[in-house]
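Note that subunit A is present in both complexes that follow, paired respectively with subunit B and with subunit C.
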Partner chain A sequence: MRMADTTQMILTWLRETATHSIDVEITDETELIEQGVLDSLQVLSLVCFVEDRFGIALPVEEFVPENFKTAPVIAAMVERLCASPAPSATRTR
Partner chain B sequence: MRTVSSVSPLLTAVLRDGWTGQNRAALTARDRSVSYAELRQEVLEIRDWLFRSSCRPGDRIAICLPKSTATVEVILGVLAAGATYVPLSHRLSTEELRRTLCDLRPRMLIGDRSVAEALRDAPEALPPAMSVATLGGGGLALGLEVVGATPGVPFTASADSEGVAVILYTSGSTGEPKGIMLTHQNVASFVDWAAQKFEVSDADQTISNAPLHFDLSIFDLFCTLSRRGTVHLLDESTARFPGAVRAFIEARKISIWYSVPTALMQLQEREALRGIQSLRLILFAGEVFPLPVLRRLMNSLPRPEYVNLYGPTETNVCTYYRVPSHPALDLETLPIGRPCEHLEVCVRDEAGTEMRIGETGEICVTGPAVMRGYWGQDEATRGCRLPDRKDSYRSGDFGYVRADGNLIFVGRRDQQVKVRGHRIELLAFEAVLQAHPGVREAVALVVPNDAAGGSLAAFIVPRQRPTEIAEIRKFVGARLPPHYQPDHIGWLDAMPRTSNGKCDRALLLSNARALLGARN
Partner chain C sequence: MAVPANADILVIGGGPAGSSAAALLARRGYDVVLVDKVRHPRETVGESVLPSAWKYFDLLGVTRAVEHEGFVKKAGGVVAWGDEITQISFRDFAYGRPGLHVERAALDYLLLNNAKAAGAQILEGLRAESFITDDAGNSEVALSTGNGDRAQRVRCRFLIDATGQASFTARQFGTKQLDTDFRFVALWGYFTGSRYVSSDGIIREFEDIPDHSPMTFVSHLGGWGWAWHIPMRKETSVGIVVSVDDYKKHVGSHASLEQYFLSTCRGIEHLSRLLAPARLTSSGVRIMRDYSYAPDRIAGPGYFVIGDAAGFVDPIFSIGVVMALYSGQLAAWAIDRSLQRPVHAPAYRKLFENQMRGRYELARTMALPVSDGAGDAPDGAKMYFDFFSKSEQELMWSAASMTTRSGNLVRTASDGSAPVVLKRRQLDALRFA
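The block that comes next holds the complex of A and B.
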């Protein structure tokens, strides 16, 4: 999948689910953490979404704010994890 | 050197001067570290600034700031001035902040610029003679600056408020704010008990998870500082990311962790704590920790001691249970344990008679940690006491004493429930939902699930015009704190009724999963 498509998919998800608490339009440049788009529940739901959608398991060391700054940054992480061989399965659930 | 006698026992260690090791860190946050020597200096400067700004001992100072080393310095400075600190959530809606301030009638509110600006819109809706100060303003040494005051005659504190160190707000049964007054002695009795019981020392590195308006923070700050350990403030945005929390713990060699179970559960889901060597003590409180998750956590991180703490804000921790290192597989419930040694805890019936082993009754607490009372609510204060005991508290929680002497928690008396560690008043929440023009009827329920305390669900019968879920969330967000955002919103064509015409909550609850769909 192309980076742009992944970014688009994440943006669509954010626009559909994360708009209740803020009044900003979410774009490529939106600072998701700084502008309060991703609160603690949203972060968890977003991770569930990308793990399900892309069949990846997010290792704990990747679960850091630096990887969630903007939609393209999240997409880049997803692409990286999709490309890497057999992710170290750190999820217990 | 100025005299710093007659101040709180909570500050003895912080204000002492000239001891070796004064250059060790007292507080750290993401980008700042404050030594004991610096902390002492800052606290005294803030105290003097408060005096210059007309604050007097016994005054109430509301603090509405994000968690930072500066915020903790302000808290300690308020205590050093002999005033009462009242930490308010930085994420309260403006309306709720106003309501709380009108109840509290503080001498001063210390906020950041966004808080000051939000309040400036409607100064007439604020209590009289309250000055508003901001922290983070440029130019001044402390960054503290008075930016305005509301007109009127100051509210004079009654003699009774003397000696109150902190007022912690929770929402009362009608959703109105309720301030729990804790004296220096109340707090100190808990701090001494906990510091001794868990052998807190100057070698300890405590991570502060809980927000500063939550009573868990009293342990983090005062237990650690009284024993000259280091408090490491975990900010809200780092806390959302398990990888960042792990890095924070490893970098600072954290030895003590205290949080609601939810915080630990979210980390365990990612095995974020696996094998960390520095942690020696894990304390949790505020909700029921589901045993399967606790077992997995203890397998993943076997070294620390795990202790289940129980206690309402009105008493702070009143019972504790050291979890055996291998919880028996047949353990069905996690006991809340035995009374803390500084308190008496027993289970009583309506008439106040002590129950026998195994009989369920109300958990009642007596002793020096029990709150002075509810701020400005004498009747509510009297209503929660045992007859003739001013230092007692009837918790409204139900439980029984097991044959082995451990207390087992059964549930709340009223509909007051906890979700993700926060008190939720279902009736108040429903009242807000029902106030939305697009809502015909609304019922709020806590649906049990694997998560501690369950999840918050709202069932809504809409009016003709379709209403968006996002709009409901925004409506709730503007009126209630963030923890009132429901996990689920379900639309109903009609509200189910019991035979006598009441809303059938039991039916809704039993059908909740089906009604809300397979999601989660």
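The block that comes next holds the complex of A and C.
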């Protein structure tokens, strides 16, 4: 349930911000990096979004292409980080 | 010149990397000061720009200004390497917009003015001499006019080193490492009236440029050497890259550096036909030695190194300007995040470092003939390659495969899950229109 909500929030964000790739319809299955929806700049904006929205700090080891493949994959990473106590992070939620 | 005592961010260097970081941070509301040792507009080499630059121009808000300049549009590249002539066209890689051949004086000036318009304070004619960083990560930078005046000091929360080949921070730390696999010399000059190569290997006269977009032409030049030919609005940039050994062996038998350069250019099969009606301009021949290097440190508490200052491989694939724009963006992002969430500053810095190292390793993987007796490409390069879209990967692989230097990249690309398609075309000859 919660996971589906997170995925939905990420999809909404992607649809609103990934304006340079408007010809791609963004769904659960969209390969975000492969299809150019998340380029090297968009992925930085996405990090800001999930960090601020979910009150997490993305550990640098998590910043790998495999974690940004699709919206559900990103959501799974976010859920994992929300559940684990962040060592140096100040949780805002 | 009024030099402020304090700034949030001090950017040293007003090339594409420094100007883009300055513009983005100033627009975020930070107090940004950018210093450059020279006054713009100023000439520099590196005229070929890939189509991916446009998305950075969009972000910086300079797209209309760049279009208005009317730089020469580049349709792709033609490479003569060994017995083969191959072509790649940008239109095959999902780019809606062309590459560009730019006079760097004009492009860099436009980007610097954009930083100024965004609110950055631009101070020209000031050289950064040294810096110290305190325990809290704040830096103090000594600036001088070079006229023997007393140094002026600026305190800042973040320092951005965008000094290009001058490598300000690496020189201070003594961490500038020359790339021993890449001991090359570059020589270049500007020609008027040169013919050029357009799509499908058609050779045209200089006046035809507005009607028929040029290709960047690259030719093999013995060993690992190569030559570039980049037509711009009024002149054509032509350069050769030769090993230090080849250079030393041959330069002595010529009356001057210019004679060596001209006779080498005229000795290259296709280039000689392009240059037959051309004249070298009075600005002469420039030379750059030992330009392949990487510093050990590209970020630390309170400072970030971007653009060419963060490492330089070989300009064969025209990635310099785009890498500069990307690194300016990445540093601006990391600094903004660090100032908003200071407790996580080390993580943002590490992310910056990893991405920059990955990009550098990837550039090295593409451009280096065969690395250190082969082996796998570095993890950083592989990870970085997988951050690119399918069409960008195809462009990189197709471009690299036009030379005989692509072995490393093929290894990097081919162990991915999805196969990368080569989109290049063999030409049987370069022929006149």
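To be clear about the criterion, the second predicted complex is superposed on the first by the 83 of 93 C-alpha atoms of A that agree within 3 Å, B and C clash if a C-alpha of one lies under 4 Å from a C-alpha of the other, contacts with A are read in each partner's own complex, and residues count from 1 in each chain.
Operating definition for what follows: a residue touches a chain if its C-beta (ideal position, glycine included) is under 8 Å from a C-beta of that chain, and two chains touch if they have at least 3 such contacts.
These numbers come from a predicted model, not from an experiment.
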Touched partner set for A:35, first subunit B, second subunit C, both or neither: second
Which superposed partner A:64 touches (first subunit B, second subunit C, both, neither): both
First, second, both or neither for A:80, with subunit B first and subunit C second: neither
Which of subunit B and subunit C A:44 touches, first, second, both or neither: both
Overlap of subunit C and subunit B interfaces on subunit A (superposed complexes): 20, 33, 39-41, 43-44, 58, 60, 63-65, 90
Residues of subunit A defined as touching subunit B within the complex: 19-21, 33, 38-41, 43-44, 58, 60-65, 68, 90-93
Subunit A residues within the subunit C interface of the complex: 20, 33-36, 39-41, 43-44, 48, 51, 57-60, 63-66, 88-90
Subunit A partner contacts - residues on subunit B that touch it in the complex: 236-244, 246-247, 266, 268-272, 296, 300, 469-470, 473-474, 477, 482, 485, 487
Touching residues (chain side subunit C, partner subunit A) in the complex: 55-56, 58-59, 94, 326, 329-330, 333, 337, 341, 343-344, 347, 350-351, 354-355, 383, 386-392, 418
